[in-house]
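First subunit A sits with subunit B, and in the next complex the same chain sits with subunit C.
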Partner chain A sequence: MYSSLILLPFLSVIALNLPFRNLMKKLAFVVCLLVLLVQISLIVCPSICIWSNDLDIFGSFLQFNFAVDNLSRVMLFCIGIVLLAALFVQRYIIDDEERIFNFVNVLLLILIGMDGIVMVRDIFSLYIFLEITAVGSFILIGFNKDVDAFEAAFKYIILSVVATVLMLSSIALLLIVSGSTSFSSISDALKTSPDSLLISSAVAIFLCACFIKAGLIPFHGWLADTYSAAPAAVSVLLAGIVTKTVGAYTLIRIVNSVFGFESSINSLLLVIGIISIVIGALAALGQRDFKRMLAYSSISQVGYIILGLGCGTTLGLAGAVFHLFNHSIFKTLLFVNSAAVELETGTTDMNGLSGLSKKMPFTAMTSVVASLSAAGIPPLSGFWSKLIIIMALWMSGFYVYAVIAILASVLTLAYFLSLQRMVFFGRLKEDSANIKEAGLGLMFPALILALIIVAVGLFFPFIINTFILPAGNILGG
Partner chain B sequence: MIDKLLLLLLIILPLIAAVKILIIFRKFPKLTEAAALSATLLNLLLAIILFKSEIRFFAPWLGWGLDFSLRLYHFSAFIILAIAGFSFLIALYSVVFMRGKPCLNQFYVYFLLTLAFANGVVLSDNLLILLFFWEGLLLTLFGMIAIGNKNAFQVATKAFIIVGITDLCMMIGIALTGYLSGTMAISQINLPLGGLASLAFILLIIGAISKSGSMPFHSWIPDAAMDAPLPFMALIPAAFEKLLGIYFLTRICLDMFRLNVNSWLSILLMIVGAVTIILAVMMALIQKNYKRLLSYHAISQVGYMILGIGTAVPAGIVGGLFHMINNALYKSCLFLTGGAVEKQTGTTNLEELGGIGSKMPVTFICFIITALSISGVPPFNGFFSKELVYDGALQRGNIFYIIAVLGSFFTAASFLKLGHAAFLGKLQEKNNNVREVSFSMLLPMIVIALLCIVFGVFNYLPLNKLIGPILGESRLGGHNFSGFPVNMKLVVVSVVVLIAALLNHIFAVRVKGSAIKASDHIHHAPVLSAIYDRAEKRFFDPYDIGMNITRKISKVAFLCDKAIDWIYNVLIVKLTFAFTNEIKRLHNGSYSMYLVWSLLGLFLVAAFLVH
Partner chain C sequence: MRLFWSYGLFISILCIIGFYCILVTYNLIRALVGLEILIKAATLLIIVAGYITGHEALAQSLVITLIVIEAVVITVAVGIVLGIRSHNNSLDARKIRNLKG
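On to the complex of A and B.
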């Protein structure tokens, strides 16, 4: 039935572009909304699926090797939520029917790409869905057709192309070794074949491709420019889920299912993770642009995910997945709020902003929730995932990494607090008298996301036992 | 059952009156006075009714031996009665004295709260309950001083800090005692001294003697004498604190720890007592202010009590306890005469007084009686208690006896000077139309002065009925301390000393020409004058010394704190931002640069994995 998650958006795109385009333009938003709601409800409550096997007949036409486990479910849920938020933001900011229609089309393509990434069990199919997502992202970054956005899109294309080339070469090398592209056969082949230069370089190249996609230091050059120059909705999309799916998730999946946790890979992940955490946080501290700061914070937070993965234990993996989920939620919320601020004040330069909490109390409040969650303040969700990661590090004996990770979360708190203080607290500027709270279209997704953060934090025992630990377990086993 | 309720009423009644005054009678000074008077009178009646009874009240409270238990027996009933008597008389006195003064309402609230807490301290049979009431007294002490004149707040703070610190010691002592003995019930504690128990003993003693105003915890009392309302001085430092402090000291030494003659702690207590006697009386001698002079005597006299109890021999203990009640009598009366003088002349500065004895004859007579008592002239009460203390001190060592007798000499000398300077001599112009104070101020003075005579002439009354049972037959060992002192040598020495004091006074007045300068030859004696100068400048005030040390420590701590702050607020931030700026500089937006980084990263990763 999960193949319908690919088929449904695919058919929707086709349907939208058939005749009656004028009618379809009006329907585009609703169609996309429905598709996303179907995806979310399918994850939250699989039993509502009324068509169960029917569509799988169509699925069988597609020559893809789909499988869904707990990790995939977590990812599918995140994808649904973040895309929904992005859709709302775009719809709120841009009232033009034509452009919404275009946006929805690309968004659905990206949805196909990401759903594919999290469900395939075949390295070449993975590559194809990665490319679908990447191309969709290029288009969306340049969606507003301004110079900065084009420049950012260009940087993204260049580095993405490098990643693509690397990935393709790696796949070719792996094909030489195993003769097949499915995860299981490559994994078996790697286990049986002797350690060779070929395999090592294939692994290195593939990992680097993923690092570029995830924007880890020192492969992160494209990330800050792209996040800050992209239109608000696209920033939400990229920061919230796209880089996490194409980078972090792919790393988790590949390392876990294909390469396996070898000590050299683990230590590589730990080093890259800790460098990303520290440098990302330090860089974020120096930023004076709302979205740029969030971008560097993204690097730092993905570092935590990779750090959890690098433990190589079930608990670490669970922590990584949980943090991935949390990061998607709070970073999306922060970008939604940045969109609100940008829309109301016309700027994201923090030096030009002050005291907005008086005019935008709701935005300020949800930002506090998201920031505190990101900084790992109990009882918000971010605290638990960081705690799990640090516990996993400690139990695996990586004491130094654990201590650095804790100290770095002080930096996280520092830059988020300075963001809060500069943007939302302090004295209101005189010329900002006619600033008002963003509309319902932005407040609704923000509210939902903030509620998820608080609820996951408060009902943590239930969440961890029901979703997160199984995700770690299945992968570990 | 009914007597248990009455027992509780001793604490509850003043509390209710205080709350009533605080809330309902705020705006009605007459009602306030009436409430205070009636509450203290009722309390006195209660104390009389309960005087001969033995009552225990027990209510389980926190568990772990922390229960609300009260115990009335001969000792506590004695103290309760004394407290009740003083509070009624002084309330009567205050009605006139405090009339029209600001903070009248607050004064009576603190007064009654003090009464309630003091009753609580005396009755409580659990160390924790005792501590609760004890700390309550600290609060009312602060409040009562603070409502005085404009300097009073500083003095109140000083008193609060000194007493607060010693209370803290006592708190630790209580915890230690409870830990060592396994119970908090005072009547069940019976610890041998030695080791930790000695430490607990010392800590508890610190609390007790600080409450009674002994050195080195005395320095707020002379300040408070100048700045706090006068009835406060007559009530708290002169009467209540002596009663409570010495009561608790006696409980510690006799019941809880059984101090004996062989213990070094006994010597320690005697040294504290002797030092307090001599130093405080030396300071009293040179004072030129009625109230301040009295306040130093209030300190000095504690020395006799501590010395007496510290001797750990029956004569000394009986003498100490007898001196406690005697001192409470004559010292509060002396303060009351001081208040009467202040009320009528508007000053207590001896240089502005003189010759008012003829204008205020009753006050003068009360003063004479109490001054003779405090100087230890037979047959007034002070003579008998001092003789007993001398007796005890002589049994333990000549030096303690000599110091005690020397203290007596200076006491007599300073009261000769005080009485001469204030009541005799030439009348000042502005005091021409001074009149005697009103009856309700005279009555307390007269009653107390009469009691001084009664306790002297009929000293078997207090000694046999009140103090004897406290030690018990076994400890008294068949001695009977009532009647005229047996040891005639001591009496002779005392009388000689008194005569010497009188001669000294006559001589000094003749040489210097005026009564107020009667102590100048001692004040300006070679070595002493330098010491006096420094003492007057508060060089020896333990509070100021402690405050200086504290200030220096806090300066050092502040510097350390600043250094730590600098590390956190400057160094780390600077380092962080140095990194941050470097990182920002590297991100110059050039995609070729980013590409180079990525490729370098790739090579590094590949090199790492291939290796």
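On to the complex of A and C.
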């Protein structure tokens, strides 16, 4: 059933590029919308009858080991939502048929890549899908042919290829140890074979590659540039889901189902996580560019995810997955808001912005919801995930890390409040008479995302038992 | 295993050359050449791994897939370099320093 999540976008790309291109250019937006809606509806109600097992005939053509557990379902849902938001933003900002067509094609490729990352159970297929996603992102960052965007894309390419090389070397070393590339056999081989330099270097190299892909602190050089120089819709896409899937999700999956939680891996994750949280938050405080501040905030929030993973307990894992979900929702919302601000005022420099809440009340309101959720204010969704992570740290006995994580949460609140004060509150500038609220095309995704944040926060008792704890618990099922 | 370490020496020399190339040069195309050398080192490592463990067929299929993907990545990267060149009229990395902070 789930192999159709790969096949459907793949067939749509082929169909879009066959003859009748002029017709297809008109249809491209609708096709992509339908594919994403199918993905979301498949995750939300898996029992719809049209998804009967007959589709597995197509799945048998694919030579990948696909498996879907609760963690994958959470990720597939996020992917659908964030790509939908990015599609709407691009549609609203650029009204040119040709460019929408190009964007949709690359977006569908990225969708294939990310769906694949989430579903594969084989380390080499994981690499293939990571590269598909990365190549799509390179193209989209340079989509507007802007010189800054090219610079950012080049930095991203260099670091991404270095991460790839590290990952391939690790795959080769694991091949020597286990003689296979599937998750289960590597995991078995690592359990039975004695500790050696080969194994520990393979594990370290792979973790390092994941840290580069996730943009964690010693390797964060490309992330802020990429997010701030990319076109608005692409920032939504990258910040919302791409770096989370290729970095954080891969890390969670690999540590959980291949390497296993050992004390050395756990302490590495904890240290990298806490450094990312603190330095990311401090760097965000000093930024004067809307999108750059959000980028550093992203580093800091991914730090929380890694910290939750580093606990090595079921609760910590559940917290990490929940924070991954929350983070992709609220960061997408914030980047949609930054797209609205950029479109209406022509700048993302916070020194040139002030008092926009009088002109753009809806954007201001949704960004307050997202910021408070990110800062962990109850009852919004971000509060609960941070609470779970900190509880998991405390219960595992990492008291120092728990205290630092709480204090860094105050830093998060500080930079988001300063962002709100500089951009949306305060006195309106004189020359901003013709700024108006962004149109429906931007308000609709923002509204949906804000509703998800509030709803997940309010219905937390239901959500935690239905989705989040199972995601930490039954990762195999 | 002794075979592995002798190949391993050569692979690590390739890796050092690749990293040195990326770190030292200011020319964007040369940086891509450095990346290619790095990927070649990884490719060689996979072949050696397959040879030692007796999984030559598996290693071959992995390497062929890898070569295809690497070609795609480098093509896109060269496209980006062309874009930079059309803006700056040079390939010097010292001239692209707009983003910082």
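FYI, the second predicted complex is superposed on the first by the 473 of 477 C-alpha atoms of A that agree within 3 Å, B and C clash if a C-alpha of one lies under 4 Å from a C-alpha of the other, contacts with A are read in each partner's own complex, and residues count from 1 in each chain.
Here, contacts are C-beta pairs under 8 Å (C-beta built on N, C-alpha and C of every residue); 3 or more make two chains touch, one makes a residue touch a chain.
These numbers come from a predicted model, not from an experiment.
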- Message: Applying the document's definition of touch, where does A:S200 land relative to subunit B and subunit C: first, second, both, or neither?
- Response: first
- Now for A:C208: first (subunit B), second (subunit C), both, or neither, which partner does it touch? first
- Message: By the touch definition at the top of the document, which applies to A:D289: first (subunit B), second (subunit C), both, or neither?
- Response: second
- Task: Return first, second, both or neither, reflecting whether A:V135 touches subunit B, subunit C, both chains, or no partner chain.
- Result: second
- subunit B versus subunit C as contact partner of A:L83, first or second or both or neither: neither
- Contacts of A:D225 with subunit B and subunit C, given as first, second, both or neither: both
- Query: After lining up the shared chain so the two structures overlap, which partner does A:I171 touch, if you call subunit B first and subunit C second: first, second, both or neither?
  - Reply: second
- Message: A:V162 in the overlay: touching subunit B, subunit C, both, or neither? Say first, second, both or neither.
- Response: both
- Query: Counting only touches as set out at the top, which of subunit B and subunit C does A:F154 meet: first, second, both, neither?
  - Reply: both
- Message: Just to be sure I follow: which residues of subunit A are touched by subunit B in one complex and then by subunit C in the other one?
- Response: 154-155, 158, 162, 224-225, 287
- In their shared complex, at which residues does subunit A touch subunit B? 154-155, 158-159, 162, 166, 197, 200-201, 203-205, 207-208, 211-212, 218-222, 224-225, 264-265, 268, 279, 282-283, 285-287, 411
- Note: in the complex, subunit A contacts subunit C through residues 124, 128, 131, 134-135, 138-139, 142, 145, 147-148, 150-155, 157-158, 161-162, 164-165, 168-169, 171-173, 175-176, 179-181, 224-225, 228-229, 287, 289, 292
- Note on the structure: Within their complex, subunit B touches subunit A through residues 576-577, 579-581, 583-584, 587, 589, 591, 593-595, 597-602, 605-606, 608-610
- Message: Considering only the defined contacts, which subunit C positions touch subunit A in the complex?
- Response: 4, 18, 22, 28, 31, 35, 38-39, 41-43, 45-46, 48-50, 52-55, 58-59, 62, 65-66, 69, 72-73, 76-77, 79-81, 83-84, 87-88, 96, 98-99, 101
